[in-house]
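First subunit A sits with subunit B, and in the next complex the same chain sits with subunit C.
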Partner chain A sequence: MAVRVDAAMVRQVAKLAKLSVAEADLPTVARELERVLALVAVLDEVDVTGVAPLIHPHAHGLQPRPDVVHAGLTQAQALANAPAQLDGCFLTPRVVG
Partner chain B sequence: MTSFEAVIGLEVHAQLLTASKIFCSCAVSVGGEPNTRTCPVCLGLPGALPVLNAEVVRLAVRAGLGTGCAIQPTSVFARKNYFYPDLPKGYQITQAELPICLDGQLTLDDGKVARIQRIHLEEDAGKSIHGDSGTRVDLNRAGTPLVEIVGHPDLRSADEAVAYLRELRGILVTLGVCDGNMEEGSLRCDANVSVRPLGQDAFGTRVEIKNMNSFRSVRDAIGYEIDRQVGLIADGARVVQETRLWNMDLARTESMRSKEEAADYRYFPDPDLPPLHLDPAWLAAQRADLPELPAARKARYQQALALDARTAAWLVEEPARAVAFDQAVAEAPALAAPFAAFLMTQVQAQLQRSARPWPELAAAMPALLATCGKWRGGQLSNKMLTELLQAAFADPARTLADALAHAAAQAGAVVSDDGALEPVLDGVLAQFPAEVAKYQAGQRQLTGFFVGQVMRALGGKADAKAITALLARKLGG
Partner chain C sequence: MTATARTEACLGQIAARDAELGAFLHVATDAALARAAALDAQTTPPGPLHGLPIAVKDNIAVAGQPLTAGSRMLAGYLPPRDATVVARLLAAGAVLVGKTNLDEFGMGSSTERSGFGPTRNPLDPARVPGGSSGGSAAAVAADMAWAALGTDTGGSIRQPAAFCGLAGLKPTYGRVSRSGVVAYASSLDQVGPLARTVRDVARVYAVLAGADPLDATSADVPVTPVQWREDLAGLRIGVAREHLDAAEGLDPAIHARITAALAALQARGATIVPVTLPHTRHGIAAYYLVATAEASANLSRYDGLRYGQRTDRPPTLDALYTRSRGEALGDEVQRRILLGTFALSAGFQDAFYLKACRVRRKIAEDFQTAWHVCDLLLGPTSPVAPWLLGEKVTDPLAMYLMDAFTVGPSLAGLPALSVPVGVDAQRLPIGAQLIGRPFDEATLLAVGDVLQRAFATEAA
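Our next item is the complex of A and B:
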């Protein structure tokens, strides 16, 4: 079934993904997203009656590890790629809430 | 005026007692320099893959078994997507549609059953410290294993919410799932609170309260919020669906953010983690491995050891206390009830004034039991007991067990033989002829008066039972 994508939906998706999309580009992006969704919608044509949902292609399931501590990174290594740091912490613009 | 009823459901996060994080081998601990317990996995570096900690599974299953949940043979990890600086991957790994435990329940002291909807596994985020120069992020906590225990909205008062939380904490601590420390944040509680006119089925608008880090905060915050919502409705206003923070200093809840825009977390199964399958034989072994839970222990205390309900509840509330008590009275079950009362009153009073930690008290249980036995047997008077406990608890140079032995030696022996008591009692009787006459005329309640006088004359170090017996013999009992 074809999904209609309008400008408002593109705006919402862009906001959730922290992407900035110019107002002028909204109709184009909407049409592109519709085409992507139409492609995926082909799967809706497959009859899956009685087929258990496939959560993961790996048949064996998780292989947990023992609860053993190993040394990780030093503070300097952890912060090596940080654009800004302060008092041994990553520093970001102030966020509240 | 319309009567209202509160509808409360708790979401409890419990930090699991593991050595390493949930998806990597970094150490789990509190404090220390920031960003010194991290690795590419918990920093969310590209290409790093999560590997589940087996102990996390065991502890979550214990939590589920202890709360009567159905343990799910297959559960699935999912990504909860949102952006925040202390969440390096841009998503939290949690469980959504298929959590590890479903449909449990807790039975509260008054017999009320509060249902548990689900228990799921998830990773903790890092810590944000907001300051003038920006937000500092410490990722030592990122990836710490948690279970979230989601309760149904079955609770109807702040007291019921506290009772639920106490019961849950007791189970988690007894099972070794969590240390239960609310002040340090290893047990955290959020409450969903709404009110509705009594008799109405539909729920009112729900407010989520966060930032409650003690039982008292939970009781006060929920109580405040119920009053606030009832007040709004009584004034003709409406309750806004929002998240509010408990401000302990001002004793009120404060608006944090409104949920006009419903959160959109876009959950989906995490492709990095295949489903978790539990082996039925392993699960059966876990079930067989459960220790006595607080409710059963409390029932045993009342039935087998003849403790009253209040004392039994007090002992059970702190599992370490109950375990130490059990070990101490194993050899002396007849002393169990008086010893429990002794712990709850005399010892607890000293404990509240001292800095003695519980582990030390646990180690001193045999010495405390011996002290209680001497007091019950009349070898220590009330006054001697109080002084002995005070001296022992205030003795910083010794462990409590040693301090009790030392104080007992210092206290000396109680005067209990008639040869020593008789001249003192004779002196008292000569001093109070009017009271003697009244006693002989049948006012037996004056016994306490005479015993008190003798006790005073002997500096409190006398055996009250011996004085009573002597008095009866002298004046005719």
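Our next item is the complex of A and C:
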């Protein structure tokens, strides 16, 4: 599937991906993305009518563990790598008015 | 030889060569020496890896040692616990000498895309060691570790092993726990060992393999001990024309070497069977869509909130996310996240991500068809020899194509082993890739050992 990628499309994808692409870089990123999409167009050669997607290769299935409580991270361990914390919580910028 | 003597020898090599090679992101000198001394004083029976110095790729958690996954995003991060594979190495008596360099989050084929500088190939420092486990391969090739753990998503153990003249195993998907391993593409990632010989790889693999309650995708399938062989009578080795005679862009010296490898195995009793893997040429495209789609989801966790880098004084929560990620993630990582997000986005998911997953099934079926007539497959690990630093880094697409032979087994979840089979005219190493049936690592290792010894005899 040939796709034409423009600056608006890159802006939208970057927004979804929570990445900031500078306005000046949008055309370059669009061209790069278009090149990769041209490469993957080779998939159009394959007839996949009626073929179910293979999402995960494990034919053995998942191995759920018994539903019992295990010790996890302590609060101190969970916060140990936090960029900012306050009163035992992760600190973020204000999100409500 | 004592654990201390072995560890001191490796630390000495690190001190002598790592400033040039850049294989390590963290050297655990004091911890390794203390551990070695404790092992030397141990009175209980030694474990299977007693006193052997092992390096760990820096996307695998070792408690108390920094973990970056090669990303500025995780600079300063200290993991709270050991990955399951690390706990198993320690229980087996290994000495952990440090954490090795990688392409950021495993995204690369040359270890030039680490956020902390490139790794160089110890056999020729002007050249790349392969990637993304290039630091692990360089560490072993320069005798800075006896063996190393790598991770492999689309070839990241096998290709660096080939580029550095080592053996390297990507186990069957689910064979080894991923708990405590930084996720890149969760349906592809596997941990495995790199070492000088297939027998050493097997020794580490035996410690790593087996189900883990902390990883629901690990498989509860019995681990078969390797039966070492001298002759290969009765064994059928498949050769895919798409991986050899009809392979696009295959270096003639590598073609010749793989042909010699087949002859060596035939001389030891194996039967060579021609097979076809018709969707080989679609592997790269399917791989990059599946891997980047999964990466876009996995790497959303790097939001600057709970760990990792946070931008300075963001005005809003949204600015915190986007600026933290934009500032700390490298170009290639951002490129792959954008591609993956695009492939999953409304209006494009069917045409890209799901199409890739359907082709993925066709690729897996190609292998299943091959297993009707052969027991394993043999071909080259990489189409080319290690390239010069900087030679391909400006063209990501050219670099993607270097993974042509390794991504197929990854997409199908199959075990694959790279075995050194000699050098080209420039003395650059060449690796043969053996691909096996699911969970049949034992056959791969036994045949790989015969192959490696065949070439060792020839070299002598």
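In this section, the second predicted complex is superposed on the first by the 94 of 97 C-alpha atoms of A that agree within 3 Å, B and C clash if a C-alpha of one lies under 4 Å from a C-alpha of the other, contacts with A are read in each partner's own complex, and residues count from 1 in each chain.
Assume a residue touches a chain if its C-beta (ideal position, glycine included) is under 8 Å from a C-beta of that chain, and two chains touch if they have at least 3 such contacts.
Not measured: the values here are computed from a predicted model.
Once the two complexes are laid over each other on the shared chain, residue contacts for A:Ala14 go to subunit C alone; subunit B is not touched.
By the document's definition of touching, both partners, subunit B and subunit C, reach A:Pro64. By the touch criterion stated above, A:Cys89 is placed in contact with subunit B alone, subunit C being left untouched. Looking at the shared chain after the overlay, A:Val36 reaches subunit C, while subunit B stays out of its contact range.
Between subunit B and subunit C, more residues of subunit A are touched by C. In the superposition on chain A, A:Ala24 makes contact with neither subunit B nor subunit C.
Of the two partner chains, subunit B is the only one that A:Gln75 touches; subunit C does not reach it.
By the document's definition of touching, of the two partners only subunit C reaches A:Glu45; subunit B does not.
Shared interface residues of subunit A (contacting subunit B in one complex, subunit C in the other): 12, 16, 18, 55-56, 58, 60, 62-65, 73, 78, 84, 90, 92-93, 95.
Touching subunit A in their complex are the following residues of subunit B: 18-20, 24-27, 33-40, 42-43, 51-57, 74, 76, 81, 83-85, 98, 128-139, 256-257, 264, 266, 269, 271, 273-277. Touching subunit C in their complex are the following residues of subunit A: 1, 3, 9-10, 12-14, 16-21, 29, 32-33, 35-37, 39-43, 45-46, 48, 51-60, 62-65, 73, 77-78, 80-84, 90, 92-93, 95. Touching subunit A in their complex are the following residues of subunit C: 76-78, 80, 173-174, 187, 211, 213-214, 216-221, 279, 281-282, 284-286, 288-289, 296, 300, 303-310, 314-323, 325-326, 329, 334-335, 337-339, 341-342, 345, 348, 351-352, 354-362, 364, 396-397, 400, 411-413, 438. Against subunit B, the residues of subunit A that register as touching in their complex are 12, 16, 18, 55-56, 58, 60-70, 72-75, 78-79, 84, 86-97.
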